[in-house]
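Below, chain A partners chain B and then partners chain C, in two separate complexes.
For the complex of A and B:
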């Protein structure tokens, strides 16, 4: 499985899916003009990767500061895939990075935690001013 | 040749405008030379025709090269060159690989080719041929830039005219709600600011004998598609309230949910059909929409408010209170594919006291990126603003809140439509 890297743009996040070391990172913002076009290839790659791993510890680093509602739906599809694998085959640690003052992202993360209980949800408060 | 008058007369629509111009529109007649002609003859011709920038070389009707005036003149001007090359074939100084295009090539394809060919082609121009590849004439980079600029401006104008008028329609749809708000309330404000002139945010108010129904709606998307959705939602809501169910906002949400799902065909469990066990291997059917709305529905009567929310909280502030009460709605949006057809929302009853303030906002304010850290505005900041300004008349509160919002946004781009309403009991 090849690693997947996409550079950050004004409307889409940096995607750094290191399947080889089981560490997947999303950084930035997600409000692409067409969310499905942007996320489908990522979901497809993730699904392909998950079918080939078993008994692994997978680390997800979620470092998004903004996503619109269309992107949210796509992110939920992603968490759904991860939650399924966490129920059956792999351990999934979801590192939920948020600025210490960013209650919006934290609150969203808590919702994700409620909805996808098989994920090991770990909020990580950071100071983006010094990051 | 390009005629400004012909351009100005164009009345083509958006889809026609691209096809109205092709490479032939740029055709200029130019003198040509044949390979048997000498450099002396070229020199003669160029000195007689100062308007000629490049001179096509044509053999048996086929273009074989392009002589650029400056390159030719520089070349021939060097010592002894004239003596050496003067009587020789003019192909010595010609560019053997100029850009040659068919007269039917679209302006867009031509632009890409010219840009791809580098600065040379913009300067020298290109040769235009008929279907058989026979020489017709030349086009210049200057004319191409002119026509591309014109097409761009024309397309912008058509799109903007259309959006401006869409904005007129969307605003007039809101008029009835504004009038009913004015009739039902004394101290209130509404701030509606679509990101792209029209948008997916919408407010709704309808006054009845025994109270009023008020809603703030955030439909999927923004811009024109968002605005389409608001009109669908507004007409459904109007229809639903004709029946006697205004005191049951949760029931109204459930009815909206069913109506939207049926109208948009969003009734499947999941719009992504599993194909050989892999859900995301193929693109989903592009025609399948997944649209809906996040919203707060409120029924307000003399001493109580009944609220039902779809991912949209209600903010209240009692007279003299120093803390905002945030009442969260249910966590499912209305109409979306992943919201079940029979999903039920919950009504929450809030006792109203004299002087109590009630606010609703879509996520446009809370989620806007800005500040020194480029993070979301956030609920906490929003609630603090409500408390700080709570003693002011509502219209003045709006000014303060929006000012703080704009300052926070700073140089960041607006992310979404912004709507905010507030009223005092």
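For the complex of A and C:
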């Protein structure tokens, strides 16, 4: 399974999926014109990766600061895949980075935590003004 | 346009607290550029944190909605147009957006917005979460999985407003105006 890297653009996040070290990171903002076109290949790659791992500890670093409604839906599909594997085959740690000044991302993360309870949800407060 | 008319236009915008106004081609690049301009404008006015984030979010949802639903300009290669203004009155910001929509979408728009206008913030948050978990594979019209207006309503401090103006000379399209206050 090859690692997957996409550089950040004005409306899409940096994608750094290091399948080889089981560490997947999303950083930046996500409001592509067509969220499905952007996220589908990521979901396919993730699905392929998850089919080939068992008994691993997978680290997800969620560092998105903004995602539009269409991206939100696609992110939910991603969490669904991760939750499935966490129920059956792998341990998934979800590091949830959020601005200490703004509760929105944290609140959204708590919703994710409620909906996908097999994920080991770990909120991490950061000061985005200096980050 | 005569200069005195432009002066009236500019004064009216000033009087209504307009921070910026755009009318023309909508594309993803134009949207990203305007989004950046809006962020910088807010930073320079020391509007940060949750309010700036909500305003940016509402702005993106509205202009992407316009980009998605407006019909292509006849005789162009899928070019879309729309008008958007962001302004400030008192301590609240507003965004207004206007674009053409195909008449076949009118009922859908009404059905989505009207229930939101009567809901409390808690009800909106609840509906948002339910919509997020629902399966939308059958919905081929929406790109936002039906979350767009809910996202707007969630971030707004007043009910979202809309108006649909039919065009007697062309029954296939109508003008759709949308306003969100943050």
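Basically, the second predicted complex is superposed on the first by the 131 of 131 C-alpha atoms of A that agree within 3 Å, B and C clash if a C-alpha of one lies under 4 Å from a C-alpha of the other, contacts with A are read in each partner's own complex, and residues count from 1 in each chain.
What we mean here is this: a contact is a pair of C-beta atoms (placed from the backbone, for glycine too) under 8 Å apart; a residue touches a chain by one contact, two chains touch by 3 or more.
Predicted, not measured: the structure shown is a model, and the values here were computed from it.
Engineer: Both complexes share chain A, so when I overlay them there, do chain B and chain C fit or clash?
Structural biologist: After superposition on chain A, which the two structures share, chain B runs into chain C.
Engineer: Determine, under the contact definition given at the top, whether A:32 touches first (chain B), second (chain C), both, or neither.
Structural biologist: After superposition on chain A, A:32 lies in contact with chain C alone.
Engineer: For A:44, using the defined touch cut-off, is the partner it touches chain B, chain C, both, or neither? Pick first, second, both or neither.
Structural biologist: In the superposed model, A:44 contacts chain B only, not chain C.
Engineer: Between chain B and chain C, whom does A:111 touch in the aligned arrangement: first, second, both, or neither?
Structural biologist: Once the two structures are laid over each other on A, A:111 reaches both partners.
Engineer: Have a look and say if chain B or chain C is in touch with more residues of chain A.
Structural biologist: Higher number of touched chain A residues: B.
Engineer: Thinking of the overlay built on chain A, is A:73 touched by chain B (first), by chain C (second), by both, or by neither?
Structural biologist: It touches chain B and chain C both.
Engineer: For A:102, decide between first (touching chain B), second (touching chain C), both and neither.
Structural biologist: The answer is both, since A:102 touches chain B and chain C.
Engineer: Which listed stretch of chain B (218-226, 254-262 or 344-352) steric-clashes with chain C in the superposition?
Structural biologist: Here chain B runs into chain C along 218-226, and the other listed stretches stay clear.
Engineer: Where on chain A do chain B and chain C both make contact?
Structural biologist: 10, 31, 36, 66, 68-70, 73, 76, 101-104, 111
Engineer: If you look only at chain C, which of its residues touch chain A in the complex?
Structural biologist: Chain C residues touching chain A: 28-29, 31-33, 36, 48-50, 53-54, 56-57, 60-61, 64, 67, 129, 132-133, 136, 143-145, 147-148, 150-151.
Engineer: With touch defined as at the start, can you tell me which chain B residues reach chain A in the complex?
Structural biologist: 218, 220-221, 272, 278-281, 283-284, 290, 294, 331, 333, 336, 338, 363, 366-367, 369, 372-380, 413, 415-416
Engineer: Spell out the residues on chain A that touch chain B in their complex, using ranges where they run on.
Structural biologist: Residues 10, 29, 31, 36, 40, 43-44, 46-48, 51, 65-66, 68-70, 73, 76-77, 99, 101-105, 107, 111, 127-129.
Engineer: Provide the residue numbers of chain A that touch chain C in the complex, in ascending order.
Structural biologist: 10-11, 31-36, 66, 68-70, 72-73, 76, 101-104, 111, 115
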